[in-house]
Amino acid sequence: MKPDAPSDALLQVEDLHVEFDTYGGIVQAVRGVSFDVHPGKTLAIVGESGCGKSVTVQSIMGLIPMPPGRITRGSASLKGINILNNTFINGVDIRGNEIGMIFQDPMTSLNPTMTIGKQIGETLTVHRGYTQKQAYARAIELLDMTRIPEASKRASQYPFEFSGGMLQRAMIAVALACEPSILIADEPTTALDVTIQAQILDLMKDLQSETNMSIILITHDLGVVARMADDVLVMYAGQVVESGSAAQIFYDSAHPYTLGLKTAMPSNTNEQVQKLTPIEGSPPDLFAPPLGCAYAARCPHVMQVCRSQPIKQSFTLADGHQSACWLHHAQCESTTPGLFKKQSGGQT
Amino acid sequence: MTENSYRAQAGDFNPIIADHRIQGISRPSLSYWQDAWLRLKANARAMVSLYIVIALLFFTIAGPYIWTVDPAFQDLDQVSQPPNIDRKATLIKPYPIWDGSTGTVDVKDSETLYLAQAANTESVRLLWHVMPGAEGYRLYRNIFPFEQGQSMGLPLFTTFSPQNRLFEDLLDLTPRTFYYTLVALNATGQETSEVVNIAVEVQRVLTIEQAVSKGLVDSAEEVDVGDVVYLKLHPMGTDYLGRDMLARLMYGARISLFIGIFAPLIFVSFGVLYGSTAGFMGGKIDQVLMRFSDFVVALPFLLFMILFKIAFGIGPGESGVMPMLIAMVVLSWPSTARLVRGQILQIREEGYIAASRLLGAKSRYLIMRHMIPNTMGVILVTITFAVPSAIFTEAFLSFIGMGVAPPTPSWGSMCFEGIKTMLTHPHELIFPALLISITVLAFNLLGDGLRDALDAKMRSRE
Amino acid sequence: MRAYLLKRIVQGIITVWFIASATFVAMHNVPGDPLMDEKATTEEIRKNLMQKYGLDKSLFEQYIIYLKNMSQGDFGISFTQQNRQVNDIIREHFPVSAALGILAITFAAFGGILWGALTALYRNRLPDIVIMFLVILGVSVPSFVFAALGQLSIVSVNNLVGFSLIPVAGWGTIWHMLVPSMVLGMSTMAYLTRLMRSSMLEVVNTDYIRTAKSKGLPATQIFLQHQLRNAVLPVITVLGPAIAAITTGGFVVEMVFAIPGLGRYFVEAVQQLDYTVIMGTTVFYGAFLVFMVIIVDVIYGFIDPRVRVG
């Protein structure tokens, strides 16, 4: 999509395809995803469950179990070096070192039989050559940094002695132990209480401004996106349907799916009371994805071409704002004039 | 940046009415049991096991009607015979007592120890020449070839008279090769190093009278000396009392499978009843019931199997199958009860039960429609896995002599008898042991398959 | 922890009381008179004997005396071997069974963990298929067949080397224990291998293994420190019942290999209807197993931090 991408991109992902062999057949989980991550910025990847968000980042991190998983095409380069299928650069594992990762459920993401301090320190002994003692001391500092009270006492405890929010802080400490340049957060707040969610997001933001790291934030919560993201990628059925800056995505939504997501979300900006409109139907079967636009079956603006022609390239609407929708084709005379113009808030 | 270069055709941008049903799930909807059956059918190991189980049941139930040999009949001509032996027997005249004078057809000078005439199962007549310095002789018989320093076998005959140079062996002769060793004795009766040996091929013979009395020929007129008759067929050989192995294995299967299938059926049913009562009642009753089952679990299983068995007592002529069945049921139900109670407690809390209740479902409906179908899979798997352990228990107890009482055959008691002659007649151990192993294996694999088929969550684990 | 231990011990004692009572009830239903075979059949001697063993008292009184003796660890005098304390019999024969059992459980546990880990590591490849096939055989072949095969292999090894390298039967040296303990541990090892394998495969798919990978830890470190340790835990929980299975499985092995253990002695006692020995052995075994399970649970508590504190 961006052959002449700006040279400041930290991580560039191009045309990523991932498949899984399952009991029922081959699932094409990711079908040509591309994006850039810029230093110090937050990229949010949005989409409903099963759209391939997590698979995308997990394949970059080499966390896809192979078999049954398979990366069939594409590349991902960190600072210009391809890391797809090989997470080592110059014999050093970039995982935990250059890219840290936190997960959806902090309750199950930490080893239940190892102390928190040891789990944080492990990364340092492996990547930085710390002794056990140094690593443990640094682990306490890191716990302190993630605002866990009584860090030195907490470091000697086991995961089951922590609350969910505390565990996610500890996970952040694990991920940031080696001061990586990118933090991947895979639905980091989904399993947490609303109040704790805000605290974790604030913590991530604060740490980002302290360390100037980039964040890839995976979420299905547009509220989280609005709060955190600089750039946004909207995914549907393993493909990117719209990408752009947060402002472009929210105020200039250029894909019916993005519009649908927005109308399905409660808002407090409008004066008049609105009904929430769900998106009818369900995502396509990824065993046999449709030939045309994957969203065609649920799209209220569907046209003949949407079913008959695959969208090979997105339409560029403004600088950095792209949408994969036939409505933007030069020859298309929109039947709903003003559909994509100047939306503020919801759409009826 | 490149613009999308697709050239639109006429009608491309005509709107169409959105139809959400277009991408409905195309796979057919199956009931729980249909789905489970399909998954079981796809599991080759489980299906092979299922066929083996069916074949075993056929062997057990229909077998004795097809192979109608009495399992208690003792064929004394064929004791501990392996399968596939030569059943030919030549008819002869009755042998008179031998004094060494008759029948000495050819006196061989080349060999010291030689046969007076062709050896057969009636007698082996041996003669020997004088051995240098011999003041007496001792004759041994062995079933292994003579080897320096190894045992020479069974001492048959000892004499301290050097003139006595003949022996007629009448002892327990079977059609096979025997190795006779003659040792010269010195004046003090000690064995010297003067040894000769001979290998003797023993042929099976019968007198006409014997053949008639055994029912091998209808009347003495039909046959003549020198004719060949065939002994009774034992496809899997005979045991140490000459009883037909195949017939015994079939009747043994009845005992083993009876216990193996009925004991689990009964104790699982009782466990289901007990566990679901505890689960439904809850509270104090549940606690008391479960505490009691904890106690029963703590009883050392095999010790109490033995204790109960002797406590019930077996009168003369009884097989002891029922006491074993009862003891097994008394001791085995708690694990099922625990499992079912756990399931009931879990299902009770499920959302769909609450939903069903909100829609006005009565207890009866809840039990019939939700509780039973959802616990059925677990119960079925429990029964399948209980079968091999019950068969093992029977075999184990019979093996240590605490199982079914002889002469009732069971696979376990047949193993117990077979292990004594393991080295000489291995088939007596191998056949029942093989049947136990195959049965247990089949039920284990079937259980694995059922568990995989009935519980989708367990699928990926093993 | 102390409260937990106390609670478990009290439960254990109640359980042992239940076992003792069940034994008493079962034994007093046995038809036939234990003194039937006695040579001394005159009425007077008979009476004396009845009195000696307390058989003339009411059942309830007998029960109370029995419980009192049991609680003092006094199992009485053997019926058939006069002047022999049941305690002495247990003291003499139990160490033999225990030594055999300890060796067997060690063999089963280490073998099970090793093979289980190996199969999980090579999942669906040749080593996995071969080992799992042997495991299926291991749980499907009765122990006495293994015992017979064990003896056969001893014989053939001895024939091969030309002298009696390993004794075929009997007791005394470590060589006597080797094959019987392997035979005894065989089915338990097969069971533990299965358990370990599924436990390993379960752990491999957990979130914390994914976390460990995302930290860039070397594969061996993930395997040893994260996967193996967590996978072994469920295997340890079943060691209590496994000890029970091995102890009673000893009957067959002791019989086939002519080992003078308590199991073989128990079988003999049953054949001779030696009341006191049967009761004493049963209660002793029952108590032994109850407290083995408690000990295994306590050890488990030290290994799994979740139980240790909770």
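Chains here go by letter, A, B and C, matching the order in which they are written, and residues are numbered from 1 within each.
Criterion: contacts are C-beta pairs under 8 Å (C-beta built on N, C-alpha and C of every residue); 3 or more make two chains touch, one makes a residue touch a chain.
Worth saying up front: this structure is predicted, and the values here are computed from it rather than measured.
Among the chains present, the centre nearest to the common Cα mean is that of C.
Chains B-C form the pair joined by the most contacting C-beta pairs.
Of all chains, the one whose Cα centroid sits at the greatest distance from that of subunit A is B.
Taking each chain's centre as the mean of its C-alpha atoms, subunit A lies 54 Å from subunit C. Subunit B and subunit C have centres, each the mean of its CA atoms, that are 25 Å apart. Taking each chain's centre as the mean of its C-alpha atoms, subunit A lies 61 Å from subunit B. Contacts with at least two other chains are made by no residue of subunit A. Counting only residues that touch two or more partner chains, subunit C has 205. Within the complex formed with subunit C, the residues of subunit A that make contact are 61-63, 65, 87, 93-97, 100-101, 103, 105, 108-114, 122-123, 126-127, 158, 160-161, 171, 174-175.
Contacts from subunit B toward subunit A in the complex involve residues 1-6, 8, 11-16, 18-20, 22-23, 25-27. Chain contact summary for the complex, subunit C toward subunit A: residues 205-208, 210-218, 221, 225-226, 229-230, 233, 303-306, 309. Listed in rising order, the residues of subunit C touching subunit B in the complex are 15, 18-19, 22-23, 26-27, 29-32, 136-137, 139-145, 148, 151-152, 155, 194, 197-198, 201-202, 205, 244, 247-248, 251-252, 255-256, 266-267, 270-271, 273, 278, 281-282, 285-286, 289-290. Interface of subunit B with subunit C (complex): residues 294-295, 298-304, 306-308, 310-313, 388, 392, 395-396, 399-402, 412, 415-416, 419, 422-423, 429, 433, 436-438, 440-441, 444-445, 460-462.
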